[in-house]
Amino acid sequence: MTVSLRHRLTKYGLLGIVLASYAFLYLPIVHITLAAFSKNSNFPYPPIWSVASFFRLASNTVYQGALLNSLLIGVATGVLSTIIAMYAAIGVIRYAGRRALLFALFFSAPLFIAEILLGISTMALYFVLFDMSGNLVAAILANTVHCFSFAFLIVGAQLYRHDWRMGEAAFVLGAGPIRTFFEVTLPLVWPSLLGAFLVSFIMSFNNLDISFYVLGATPTLPSVAWGALRYGVKPELFALATAVNGVIALLMGLMFALMRTGMMKFGYRPERE
Amino acid sequence: MPLSYSSTALERQSMPGAMTTSPAKKPNVVTMAEQQWDAEKDRDGLNSYLTVSGVSKRYGNVWALRDVSLTIAKTDFIAILGPSGSGKSTLLRLIAGLDQPSAGGIAIDGSDVTKLPPHKRGVGMVFQDFLLFPHRTVRENLAFPLRMNGSSKDLIAERIDWVIGILSLEGLADRYPNQLSGGQQQRVALGRGLVAHPKLLLLDEPLANLDRELRQEMEVEIRRYQKRLQIPFIYVTHNQEEALSMSDRIAVIHNGRLETFAPRREVYDSPATPFVARFVGRSNKFTGIVDRQAACVRLDQLDCTAPLPPDSAFSDGETIDIFVKNERVRVERAGNGIACVVQDVIARGPFDEYILVTQSGLVILASLRKDQQTLSIGDQIVANWHDRDCHLFPSRPAS
Amino acid sequence: MQGHLLQRLFTGIPTLFLTLFFALPLGALVMVSFWRTENYHLIREWSLMNYHTLLVESAYSTFLIRSLVMAFAVSIFLVAISWPIAYFIVRSGGRYKLLLSLLFAVPFLSGEVLRLISLQGLLGPVGLVNGLMVELGGAPLRFIMYTNVATFIGLVYIYLPIVVTVIYLSIGNFDFRLVQVASIFGASPTRAFYEIVWPLNLSGTIIGFLLSFIPCLSASLAPRFLGGPDGTLYGMSMSQQFGESGTWALGAAMGVALFLLSLLLLIGCCLFVDLRRTGFTGMGRA
């Protein structure tokens, strides 16, 4: 039966491509994770287990300072992006009417502008016009512009599916707008807000292109890593990358657990199957 | 007045209305109906334009269809009637080729198409959700089937004009589907189904998403197109009014099995199975106990009997169901019959549905035309019906 | 009008924010591009000198053309490989669809630097691949490091997650019943793909393409660490203006040029793609 044979061949072919892509994406990560945990970091097969690089990493004060700065940037950007994205999403979906598409395009615009442009243009603004040197706040604001677009899409995607009539029902039953928001809307849409926060945090935490130009001398983890990369110091870098990946994996695991317990759907609609 | 068994009931003997055979023997009913049908039509091959033979379909552990067999002639308008989840849409998909049957075969115009992919079967289909191509204009949607089968540009233009004409789509040809109303979209979908002169047209609850007035208009239109085009229309619906008004024959499907496949009058007046009796039309259901000596059935809670056909296979003392259609219940001020009080009246357009309650508390529903009676709530009346309007079936647990 | 006020309030805040921190900086960039730098100081003299340099000195146009070619190759490749991946996940993923697509998206969150570090570990002269080759008795592969091929691989590595995610979202929202409809009306599976699946997902495809093309054009890290001496790309050169050479005005001019190019591309795509023909039925719900 050639029809089903063709189907099966196609399916296995596609599966092959998918598996190869996963391998391509994750092999480097696996490699450096092994390298981070071994003495023979350049070719850890088989690995000689040791956590020496992690200890060296932890005791390195430059990295410590950089970590703090990165965390600061991450949290601040996350919070700011999520809040502004929430306003944007509600505005576009509920109140923009005819100009909804226009606003949506404007809010998505930063996605299509190279990150590096954001960095250098912000630097141009501060340094040139205000004669200020780069600082943390500038980095936060610049990162927020970039992450805001992502956050806008994430929050917007869930709000689009939100049934606003529940809010109207709440009005009819006597709740004011703020009360309605906190008791009716927020409990339903918080997953996307959390997702937006996490994505913004992670992206700005790891960001180099934007932060680099606006920070001046303030070190962040990526910029220190970049510096070390230029000078070829490897093992600590591997440990650093592994640590960051570990945290990300944890956060993703958190999101996944939320999904499994049904709290977040991210658009999975089983009835469509 | 004891309700006696009249001679008209004997006419039904060839159709075993009192179904006492086990489920496995059900195809007998269908075969007999088919034989009658064949006897009436001429046999030049047009009879069996579409043949579904012993088709079953399983999804995992669930049987969506079990051993369904049908034969459809070229000029037939067939309705496949059944409740949601009965398997009727599955049957349609199998005929279209979107799924493969787990057992059995399908033949169109003499050739076996069971293993043929859908794009080679030459059928047309109309869907409940319209499913027009959103990125193409009406004209392009209509042209699609013809482009796929390689028709010439002239033929395409000609057929599109024809379809636009018969479906009154003038002026809409260059619009996109999201610029059309529901009724317009459905007409375009119908046009797309017909434009390539398919071997047969499958319609999957096409009017379910239209409002009532439009639906009634379209029912008449669809029937007209079928008569004009002389190809089989297979119309799936859960709405029996549609099925009864549009089709020549009705196939009733329940839990994946074919309950009956008969001309519409017969499906309505002489239901072959308890499910058909319950599902088609609005019926009262009474229970009664068989008394073979007296050749009758004593109805519970009612002081009356129904005649028992001599060839019925019910055993003495068995509890069976008796169905009487609401509109067959006659209501008189006085006379022979069951004494009832009118508890409520529901106006249903040309009919009034009377809720009658007997002395023992049993509820009887009677549908009467407005000009027939003017009863008020609280009236004491008498209800009766013809023997021939009783349909007897073995008692079944509610499914 | 209350509705109008609410509109102003809700859309106004993000608009204000973007104007201040997005539009204004870009404006500043444009301004700087008309000035010049001398001895690491910015001199506010208006002139077109920077643009003149860009047009005249062949190095910059070489960088630009090289970047365009590289970005185009990377993006086309990414779209070509993302389609089968996303298609497979949507059609055969079942209840793991989301997990499978997230597994693709997750590496994106590690940040460019770390991923380049990982990639170097893999491709580097003493990395996994070459180490393996050595172990097996062969010679290390020369061409995979410090060449344009390496840059290509690096860029693909960095942007694969985002393109897969975008195309996955597009295909995931596609109503596959339309394919069944097409097949009933005579379209073979190939024909149905070409007539129905591809056009209706074209906007997603184009967005995915742009989301990799535009950043690739300005890529600075990947070519720096993976590319060879002759692999300088535009973005890399631009970042150098702000780094080593301290010629900010020129860098700003390069930035403006890049911005205009991106804008041109976006507008071109918008004009070229008729939204109607890709099944876009508006922002409202169906």
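Per-chain residue numbering starts at 1, and chain names A, B and C are given in the order in which the chains are listed.
Rule of thumb we're sticking to: contacts are C-beta pairs under 8 Å (C-beta built on N, C-alpha and C of every residue); 3 or more make two chains touch, one makes a residue touch a chain.
The structure presented is a predicted model; accordingly, all values stated were derived computationally and were not measured.
Student: So which has more C-beta pairs touching, B-C or A-C?
Tutor: Result: the pair with more contacts is A-C.
Student: From the centre of chain C, which other chain's Cα mean sits the farthest off?
Tutor: Measuring from the centre of chain C, the most distant chain centre belongs to B.
Student: Would you kindly tell me how far, in whole Å, the mean C-alpha position of chain C lies from that of chain B?
Tutor: The computed centroid separation for chain B versus chain C comes out at 58 Å.
Student: Using mean C-alpha positions as chain centres, tell me how far chain A is from chain C in Å, no decimals.
Tutor: Spacing between the chain centres: roughly 16 Å.
Student: Taking each residue of chain B in turn, which ones touch at least two of the other chains?
Tutor: Residue numbers touching two or more other chains: 117.
Student: Spell out the part of chain A that touches chain C in their complex, as residue ranges.
Tutor: 11, 13-15, 17-18, 21-22, 24-29, 31-32, 35, 42-43, 45, 84-85, 87-88, 90-92, 94-97, 100-101, 103-104, 106-107, 109-118, 120-125, 127-129, 141-142, 144-145, 148, 152, 160, 199, 202-203, 205-209, 213, 222, 225-226, 229, 234, 237-238, 240-241, 244-245, 248-249, 252, 255-256, 259, 266-268, 270, 273
Student: Residue numbers of chain C touching chain A in their complex, please.
Tutor: 3, 6-7, 9-15, 17-18, 21-22, 24-29, 31-32, 42, 81, 84-85, 87-89, 92, 94-95, 97-100, 102-104, 106-107, 109-122, 126-128, 131, 135, 157, 160-161, 164, 172, 210-211, 214-215, 217-218, 220-221, 225, 235, 238-239, 242, 248, 251-252, 255, 258-259, 262, 266, 283, 285
Student: Given the complex with chain B, which residues does chain C contribute to the contact?
Tutor: Those in contact with chain B are residues 175, 177-178, 180-188, 191-192, 195-196, 199-200, 276-279, 281-282.
Student: For the complex, give me every residue of chain B touching chain C.
Tutor: It is residues 96-98, 117-119, 121-125, 127, 129, 131, 133-135, 144-145, 148-149, 176, 178, 192, 196 of chain B that touch chain C.
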